[in-house]
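So that you can tell them apart, the chains are marked A, B, C, D, E and F in the order they are listed, and the count of residues begins at 1 in each.
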Amino acid sequence: MSAILIAIVVLAIVGVVAGLILYYVAEKFKVEEDPRIDEVEEVLPGANCGGCGYPGCRQFAEALTKTDTLEGYFCPVGGNDVMATVAEILGLEAVEQEKQLAVIRCAGSSEFRPVTNEYDGPSNCAMEHALYSGHTECQYGCLGHGDCVAACEFDAIYMDPVTNLPVVVEEKCTACGACVEACPRDIIELRPVGKKSRRIYVACISEDKGGITAKACKVGCIACGNCEKACDFDAITIENNISYIDPGKCRLCRACAPVCPTESIWELNFPVRRSIPSNKVKPKKKPTT
Amino acid sequence: MENKLLVSYSPHIHAQSASVQRIMLDVILALMPAVLFSFYLFGIGAIIVTVVAVASAVLWEWLIAKYLLKRKPQIWDLSAALTGLLLAMNVPSNLPIWMVLIGTLVAIGVGKMSFGGLGQNIFNPALVGRVFLLISFPVAMTSWPVPLKSRMSYLDAVTGATPLGIVKDGVRNGEKISDLMHQIPSHMQMFYGVMGGSLGEMAALLLILGGIYLIIRKVISWHIPVSIIGTVFLFGGLLWLINPEKYPDPLFQILTGGVMLGAIFMATDYVTSPMTPKGKLIFGVSIGLLIVIIREWGAYPEGVSFAILIMNAFVPLIDKYTKPRVFGTMKTKKQN
Amino acid sequence: MPEYKLLTFPKGGVHPPENKLTAGLAIEQFPIPSKVYIHVQQHIGVPAEILVKPKERVLTGQLIAKAKGFVSANIHSSVTGTVFKIDEIYDASGYRKTAVIITPEPEDEWAEGIDTSDELRTDIDQFTPEQIIQKVKEAGIVGMGGATFPTHVKLSIPEGKKCDILIINGVECEPYLTSDHRLMLEKTEEILVGTRLLMKALKVERAVIGIEANKPDAIEKMTEAAKKYEGITVQPLKVKYPQGGEKQLIKAITGREVPSGGLPIDIGAVVQNVGTTFAVYEAVMKNKPLIERIVTITGKDLERRGNFRVRLGTMVKDIIDYVGGLPEGTGKVVLGGPMMGKATKTLNVPVGKGTSGILLMRREETKRKEVLPCIHCARCVMVCPQGLEPYLIMSLAERGMWDKAEEAHAQDCIMCGSCSFVCPSNRPLQDYTQFARNTVMSIMRARKNK
Amino acid sequence: MAKEKNNRLEIFLKGFIKENPVFIMLLGLCPTLGTTTSALNGLGMGLATLFVLTMSNFVISLIAPYIPSKVRIPSYIVVIASFVTIVDLVMHAYAPELYKALGIFIPLIVVNCVILGRAEAFASKNNPWDSILDGLGVGLGFTMSLTILGAVREILGAGEIFGINLHIFKGDGILVFVLAPGAFLVLAYMIALGHKLKKRMYGE
Amino acid sequence: MGTNLLIILIAAMLVNNIVLTKFLGLCPFVGVSRKLSTAAGMAGAVIFVMTIATIITWLIQEYVLKVYDLLYLRTIVFILVIAALVQMVEIIIKKVSPPLYQALGIYLPLITTNCAILGVAILAADTVEFGLLEATVFAIGNGLGFALAIILFSSIREKLDLNDVPEGMEGVPIAFVVATILSLAFMGFSGLA
Amino acid sequence: MATKVKSTLFSMTLTLLIVTAVAAGLLAIVYKYTKGPIKEADLKKEKMALQQVLPEFDNNPIAESDTIPSDIEGDSFKLVVFPAKKGDKLVGVAIKTFTMKGFSGRFDVMVGFLPDGTIYNSIVLSHQETPGLGDKIDPEKSDFSKQFAGKNPATFKLEVEQDGGDVDAITAATISSRAYCDALQRAYNAFKSLDLSKYEN
């Protein structure tokens, strides 16, 4: 029995002594750190995608704990839900932000945009772009090496092997903006999802004059102005030889698309038009995956 | 598609002579005299082992690239063949075929393809294969056929010890080197290459000739071979001066075992050696020191393979700290 | 062969086949084409501001676009004719840029004050340094060695810096090109007077003309002629690419190193190309603005090769048609030399101030071979004259690791292409080092601005 | 209720592939490599760990609510260490051969990250019954992994399995596999395989 | 005596390298070896804690456990001591030297469950020939061995990051292949001590 | 299930106290019951070894064991002598011997002698020789150790053939073989110095 007692006593002493020393040391050497950083980091998605504008989730969390307003702070991956939770932790007002999706503003598939010279270098959009205007006559269009695909952490873009253009998978896209950043040609735009995920936009960004664009690409915007006239809501402006539809003003009335002679206006997720003018069959569109 | 102009970054011309295949071919050619001589010494066994090793190394590379990695096999760059050849030169000529196959499988599969194939590996593939075999099959890997004795037999060749083995065992047993001398061939014999050992341990002379060819063709630089051989000679010599009865003389050190083959053909493998001359010297000197340390104080009679493999592991560190000086930066300024 | 000690830079370099096919061909005047396309930006810096309108008649040498800001250069009409329109035309960068398109008249009518005679004028004492720089500026002279940096900027030594040596770059280390070589043979005295002018502008006592040893005739002729001019010596250099690189040249001649991230003037040197020097002579002594330059047109399959004096704005297509049209099997048309020149996507690109040559290459000669993995042979490291590790920079650039690329000094790459040239695995090293250099430099600039 | 059952099954099964402690989570690697020179040793180590894991999971889930958070870790460690010592004593007494073969790795079960990991991640937050299930599941997954690893090494290294000679080698087998490098090698390829399996069964 | 200590040191560091032949401390070896700088930090922390822990546990074993015949409590006592020690070191460093904490601190919690520390403490206590001095040298040797292995390993992994490692082998599997070959190579040291 | 107890000095100390005390108590009890079996287990190996290296006996040699000094100083280098008797008759003597010359250092061997000095059998108790090489000294791995059975070191030279002895060494493991001979020789020397009569009664 005494052996058992000795064991208990020795171990208890070790335990208690260790505990006491620790307690003492912990008290004596206390360091303050905002515990909310950990809490906030916990609720952030942890994708470290940089969509918020900070290098990673931890840095974003640190920034959040220091700010007094959530205006201008947004985690695209977590969306409004996460921001609401963050707001709760920090005791701040949540700021709602409309959900966005990436769209590809170039429709110049190899079918419509002839290749005029052969790029003989590393398959990389940024590098081809830095070298020259590219292997077609369009100096604005997609180069097709998929820098955007590589940049997407969420597997939300893939290259269509037929058109050699990138396609955004709506279900997966978190609007983090990594692709927008990656594209050397600024082809990708984040646009509000829109009602029932319906969106209308000009799938071309060529600022070349109409004639040059027309020669370079059959589906490029030639800045003819038809759409501008067709729009009743002032949503369309033409500047620098290119038409742009302002998502803030666009009411999704679909007046513009049929009048475009080059079919550069794309409509996503709309029902099929009842009567499609025979010469206005759209190029393949809604990515379904 | 007709006559579209090419556009690319500069330069628009490329050195004609520079190609991976040509480099590998040069190394194989440089090895040939020694290979043929070993055929002469060891006969049929040497031929079987060499052919099997080369063929299987290439085959493994092809199979793994095609079916496991699903990449385009690159066997025509000849690096797999070279690995096979070097492995063959590192094993006894009476090694059973199935062991040779395991050796090349480990060399190519573990040592090279697991890392992603040509250029990606950290360790010298042939040596990975060799050390794997040595540790797995210590008996088979250390019974050396006696040269010229049984040229017409393969598995049942007459075996004997290598000079290093004789010395190591003798010294371990407390014998004096001078008493052991009669058991081992003379320096001249070693230089011409008649002694027990693996295929590639023979013929220092022919290996040196191969090395000179490689240096002239600018395939390798002198730094690694010279620093290894020099260090083994100097460090071995130092020990010998301290106690000639315990430590063999420096000529013996550099003429026996794999020093020549290792220094000229294996430590120089680009992929697994440092980039800059300074790095190469550090690499070579360290290998030299390790060779002597392992030989004299370690368990193994021979340390070249281990020394090279160990230093292979240091290459990323060496490369990191021996960068060339960037033009326009101060000499004293440290880069990291 | 006279005995001289050949200098060179200490580290790296390669020996591409020289192929100086046009070295023996005297400079010819290229005829005035049916249209000229004059870009308003033919220099590093801000585009010049257009002064003319369509339908307006302009004279040869007339200012048609005015430098905008300090780092910019004037643009002059290279022909007499009518402005056809102002449009976007491809330039050497491979992008469409604004150009003044002029329909020339067959006969030149020169703008006022330009001396078009061939007579040599040496009376440089009449000009003050400031006047020289002003004339250089007015003439729109930019570096003709390739970088097209406005020369007057280079001549205006910044406060606190001092220049003690002028180096004239007559190296022409690029294979194929011979325009500088011909110029040195045919305009020897003019170049020396130009050198004196530059010396005066820079207030230096010493000028060295560096020439590669593969041009013994030029070395001899220049050495002989230079004896008359005080302070000018000719320095033969070893044949090794990129001997003509500014930093390498300064190192070879003076032993000084331009600090990483610095300019030659930081170590008291200014380098000017012989073509630039000749242009300076013409601008100052003859009031002649920069409206034409020597272009080497060459290629193994070309029927007729040559060194032409070409009006700026002449389409490459016109020149190629003139020498017999694009040969069968041409794969690449390079503006400049094979090591550093730019491949063009179209022949509809005009000759600019920086176009030193037009090189036609066979497809099989220039088509890139299959890229293999890096075998760490260290050849690229050994040949890089800048002491970089191209294989590493390429790996880092492929993975977008720009901070590490900066640590690896990607920003110090001079884009000489030696690394790509020697790589046995055909790796596009220069592609990546150049890309990394530019990316890192813009990151560094952004950081500095912040 | 059905859902809950499913849930329980899931708790139990995840240790085998999806969250296999060795091949997927890479926990407890030291004993994994150190004790798998033969299938039997692997099995023994696995079972010892299984016992400690299950018991400590059980006890910890019981006492967790009463432990102040600052002494949480030390307390858990004491619990775990007690069970380890019990295994140690019992094994020493009744399975001395195995005890010798496993050697230092028995006391080291204490620091096996799998155990503390499950205590922290699962037992301290769940009820005792689930915690036992979790312990059993993860423990069996661990045991399975160790046994497989041991078996592969034994077959390749000695041509035997559970001590039974398979007569595949004329001599001794490929010795490397019973030595240190072989342990790393087999594990390397097993992990690659494990991830492949997981991908195939559960998708990304 | 001196050579004896040297032999203990070399044996612990190279011949019986704790990671490559004894399989201890693998979790940090794999987990904290992606970057050279962090690996070096971890190595420093391990050497430090390993040495102190071994000294303290050796003393406890010798003067408490043996005296009261409580060797069966060893596991539990050792781990308690190590856990408390690590936590204490962490707290103190955090306060006293923030830079050092930045460098080492984040690894310290990982060390509690690092079996290398406990393993070395047990091995040192188990080796009958060891006095306190030998045990200390033994701990330092093992710490250095760990440091050598993890630093080499991380420099290799940094290089592998720039390589084209096949899918499926990336990350841990290829790291273990490297460990395999390292451990093969280190067999060359056998017999040195 | 969040923790309900707050961390205060008191609660923390108390918790640790309770946990450690309970643990210690529990372990002490387990220890009490396993102590015996552990001791037994530790002896088991020796017992089995004795049975293998000696002819049949009916006494308890462990209880009657005795130590004699070896040529190396130090407690852990003493040889242990186990007399085996059948009835009152000494049938053999087992000696627990060792060698320091193993490839990986020391290993221990149990060797049994008949009273006339003939080796009855020998078995290695613990070793660290290389698997596949030196570990063949273990009778489970090869017949190497069996060659000594029935040999009398007086006539059978305990040295490997390479060194001019009568022992057939293990291929590629001469060192271990030599060491084994060294252990046996040490035991034999001790055996010769024994006064066997002191066990006879």
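Here, a contact is a pair of C-beta atoms (placed from the backbone, for glycine too) under 8 Å apart; a residue touches a chain by one contact, two chains touch by 3 or more.
Bear in mind the structure is a predicted one, so any value in this text is a computation, not a measurement.
Common neighbours of subunit C and subunit F under the contact definition above: A, B, E. Seen from the Cα centre of subunit C, the chain whose own Cα centre is farthest off is F. With centres defined as mean CA coordinates, subunit E is found 60 Å away from subunit C.
Per-chain CA centroids place subunit A at a distance of 52 Å from subunit B. Distance between chain centres (mean CA atoms), subunit D to subunit F: 32 Å. Inter-chain spacing, taken between the CA centroids of subunit A and subunit F, is 72 Å. Shown for subunit C are the residues in touch with two or more other chains, namely 94, 342, 345-346, 367-368, 373, 428, 431. The set of subunit E residues touching two or more other chains comprises 72-73, 76, 80, 83-84, 164, 169, 173-174, 177, 180-181, 184, 187, 191. Across the assembly, subunit F contributes residues 12, 16, 19-20, 23-24, 27, 31, 103, 132 that each touch 2 or more other chains. You'll find the chains touch as A-B, A-C, A-D, A-E, A-F, B-C, B-D, B-E, B-F, C-E, D-E, D-F, E-F. Residue ranges on subunit B touching subunit D, taken from their complex, read 102, 110, 114, 132, 135-140.
On the side of subunit A, the complex with subunit D involves touching residues 15, 18-19, 26.
Taken in their complex, subunit C has these residues touching subunit E: 373, 392, 395-396, 399. Across the complex, subunit F meets subunit D through its residues 1, 3-8, 11-12, 15-16, 19-20, 23, 26-27, 30-31, 34, 36-38, 40-42, 44-45, 131-132. In the complex of the two chains, the subunit F residues touching subunit B come out as 103, 130, 132-133, 163, 171-172, 174-175, 178.
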